[in-house]
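Please go over the structures that come below.
Across the two complexes that follow, chain A remains constant while its partner is chain B and subsequently chain C.
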Partner chain A sequence: MSHLPALVDGFLTTLALVALSFTGAFALGLVVVVLRIGPLGVLRAVGTGYVETFQNIPLLVWLVLFVFGLPEVGVRFPLFTTAVVVISLYEAAYVAEALRSGVNTVAQGQGEAARALGLTFGQTLRHVVVPQAARRVVQPLGNIGIALTMNTSLAAVAGVVELTASANRVNLVEALPIPIFVGAGLCYALLAAGIGGLAGLLERRLAT
Partner chain B sequence: MMFDPPGPRGRRRSRVATAVSVLVVLALVVVAVRRFDAAGQLELAKWRPFLTWPVWRYLLTGLWATVLAAAAVFALASVAGLGLAFGRMSAFPWPFRAYVEVMRTIPVLLLIYVVLFVLPAYGLDLPLFWKLVLPLAFSHAAQFAEIFRAGVLAVDRGQGEAGASLGLTHAQNMRLVVLPQAVRNVLPSLVSQTVGLLKDTALGYVVSYLELLQSGRVLANFNHLLIQTFLVVALVYLVVNASLSKLARYLEARSARSAR
Partner chain C sequence: MRWTTLSVVVLLVVAGCSGGESSVPGTAPTSGIDALVAKAPVAADLPAGSTMARIRQRGELLVGGSLDAPLLSQQDPGTGRLTGFDADLGKLLAKYILGEPKTRLVTATSETREPLLANGTVDVVLQTYTITPQRAERVAFAGPYYSSGQAIAVRRGTGGIAKPADLAGHKVIAGANTPSIAAVKAAAPTAEIVEFGSDPECLTALRQGRGEAYVQDQALLIADAAQDKDLQLVGEPFTTDPYGIGLKHGDDQFKQFVNDWLREIQKSGLWQDVWRGSIGTVVAGDPPAPPVIGSAQGS
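Coming up: the complex of A and B.
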């Protein structure tokens, strides 16, 4: 197959999309969850609004808005960057919800005890809640990572030549649908298995 | 709650922090609005078409197509999912388990491309509606299966045992005792899954089935109001899905109350 390099390129692009978007989504999700559980009413509303907006509008709509809409107001980024930004923004809402339900699994008494000891909100989070919640959010975050991997395929619609797009292009030339699409499916399954394995490893490492 | 009710100094501090964060949010909004204004995207003429009935009739027709597609996916995926869930709890769980695991790790878009570009090569050219609905149903069936399985497993074991001791057959027991309780358990998850499903119908954009997003694209090509059209489309999605999410939260709160 002379088009193997194109498929490998697509796979590497998907890999880069996944790695960068997940990093972005995690960082932003952390900020949003701190807003959502924090003591400031305005910021709680901002956090809730963020999660609601991004969870209730399809990723494809966000991609179309950012990729085709932003140039109309004079904001231009490379396609790949835009895709990473949009997927990060979108998945951050899910990361924030996963982190929040992790925090909620920590018994209320723990937070109360921390306050009784005079710890501030930040100290309570850092020393009491996060160490206990960390282990419980690993699996949900792994699932978000897998969903994110699947969602990076939507970047193909916006014109990023990642794995799905390159499989489609190569198939249009070579007309070997079964090996190409099964191969692409296997690559995604491999990525998902890798993320699942990583999550399992991390979970065991965090077990105390 | 991870913070005490604040005292006088805390209240003052939080008032200051509130003011600062409101200012930051406002500043962001102002920057965005000025950006739009500088590009001439705020002119009234560019928004006025969205106050007219023909435009809305067109978009609402798209929304109706979205709802139809979502309903078809829901019907197919929930029936298939129920079958898969029982398959996974039967004596031969592995083929069903394999299906669920495989579907979880294949993007829907890849399935859609298969239906769009591969099947026609083998002489199977489906109507547009099914080109969108079938791949989504295959993919969501796996997720429905997991939801139903969790629901059945959450029903107290004693319920099934009581049914069996009354002489119900396995099928009767499932139908009359276990399933009704399971469905009640999973109602909130089913509604939130519906939100995901509705969002996935936006892939009609790829198969050019005229649902809401694709209608938006056609409209934007026609009126050249790209940003305005897609913002309105996004707003419609937001209203519909936020209502569904709210319903899910309400159902959850209700079942949490009745469990106590």
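Coming up: the complex of A and C.
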């Protein structure tokens, strides 16, 4: 159990990866979804292009490309930053789709009515669409958060010593893979349960 | 790049070369291990009910190993052939048990080696498996069959790193799940370790400035340096890693058997021939004296 600090460090790194990447993915996802549902055809195409690009290429490929490809053209970020950026970019596509599905649940007539009453596109979103869509996307977003948490384990490939990488390191010394990885698995489960609980709480809040 | 190394290995084995003089990269479609297998010994009667007898009955030896370790156990995707020191020893062990070099490789990783042995998915693990007392509590080790050491490489022209202690405070690249990580921690606790999954990734990272030094098995580094003139080895190996053949824990009869086989091929010079055909293609000089069986703590 002398390895506990190493595992705790790994867990904290995973937590930081999750928090930063999800924040980034949410912010970027918001932008992308506004592009996708906006009135301008060009911007809609850009939004669609973004989602298709990031959803149809595996995260691992993106990570390798960013970690080893970018330095070749003279751009070198620290590994942790690279991992956060890549996971954010990737998950933003999923966030955007979840948000779009939420927006689509609001009947089109409501938007048309709002515009007919003289509200701008922005006002329509803010006062009519978003309040209704928000509570419907909480659970899908929670699921994306959980998926993102699991995906952070790929950052080990990019040299970030998060939970999976530190479990690997400890196992190399202790040769006890089953207890070590069961422990790491429980940590991930705990994180997932936390995110799920948070989503449930948020949903109830937004419902009132 | 790696393939050139491989071709060198193959070429030298085919040429039945003696000595470790460097050779020009070339291509040769077949492997000279066949010649070694032909003269390799076969065990006499196997005790009924023993692990060896069961393997002979099955008709193939299940080996846990790697497909991507240059000079040790690497598969040529073109031909499907497995070459390298560990791979060749696996074939010789299969010949010893079965009378023919029939092995089946089960890809193992550092997370799966112990369970694979414990639940009988593989008969032996031949995978730069460093013998340690902790590991010896879960698996049995025959050998050591090879003694390796971690060495330091830098980009040519990097100053200030001449010995392991100089790594302190530097960013040091190491292969994920390799003994290098522990070696660096022991030699320079304040070094920041950056790890990548494979040797080519580590080299790329070093070239791209993700770290100032790269710590890896010396034989591998020598092979890398032969390909990449920008890579420079610093000093001599600073650790001793005795590699063992992993066996099921408690199977003393099989361990005894494998140890007897190792002693036999060491004495007959077969071990040295295998070394010449793999690691010896990049390390100059004669084969080292093989490690004494049972000399490592845990073997």
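The rule we apply is simple: the second predicted complex is superposed on the first by the 208 of 208 C-alpha atoms of A that agree within 3 Å, B and C clash if a C-alpha of one lies under 4 Å from a C-alpha of the other, contacts with A are read in each partner's own complex, and residues count from 1 in each chain.
One rule holds for everything that comes next: a residue touches a chain if its C-beta (ideal position, glycine included) is under 8 Å from a C-beta of that chain, and two chains touch if they have at least 3 such contacts.
Nothing here was measured: the structure is a model prediction, and the numbers come from that model.
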| item | value |
| --- | --- |
| Partner chain in contact with A:V73 - chain B first, chain C second, else both or neither | first |
| Contacts of A:L40 with chain B and chain C, given as first, second, both or neither | first |
| Partner chain in contact with A:F181 - chain B first, chain C second, else both or neither | both |
| First (chain B), second (chain C), both or neither touched by A:F121 | first |
| Which of chain B and chain C A:S153 touches, first, second, both or neither | first |
| Which superposed partner A:P140 touches (first chain B, second chain C, both, neither) | neither |
| Chain B versus chain C as contact partner of A:Q55, first or second or both or neither | first |
| First, second, both or neither for A:N171, with chain B first and chain C second | both |
| Partner, of chain C and chain B, that touches more residues belonging to chain A | B |
| First (chain B), second (chain C), both or neither touched by A:G194 | neither |
| Contact residues of chain A, present in both the chain B and the chain C interface | 68, 72, 156-157, 168, 171-172, 175, 177-178, 181 |
| Partner chain C, residues of chain A touching it in the complex | 68, 71-72, 76, 79, 156-157, 159, 161, 165, 168-169, 171-178, 181 |
| Chain B residues within the chain A interface of the complex | 1-4, 6, 14, 17-18, 21-22, 25, 35-36, 38-39, 41, 102, 104-110, 113-114, 117-118, 121, 195, 199-200, 202-203, 205-206, 213, 217, 226-227, 230-231, 233-234, 237-238, 241-242, 245 |
| Footprint of chain B on chain A - complex, ascending | 37-43, 46, 52-53, 55-62, 64-65, 68-69, 72-75, 108, 111, 114-115, 121, 124-125, 129, 146, 149-154, 156-157, 164, 167-168, 171-172, 175, 177-178, 181, 184-185, 188-189, 191-193 |
| Complex interface listing, chain C residues touching chain A | 110-115, 132, 134-135, 137-139, 176-179, 181-182, 193-197, 201, 204-205, 208-210 |
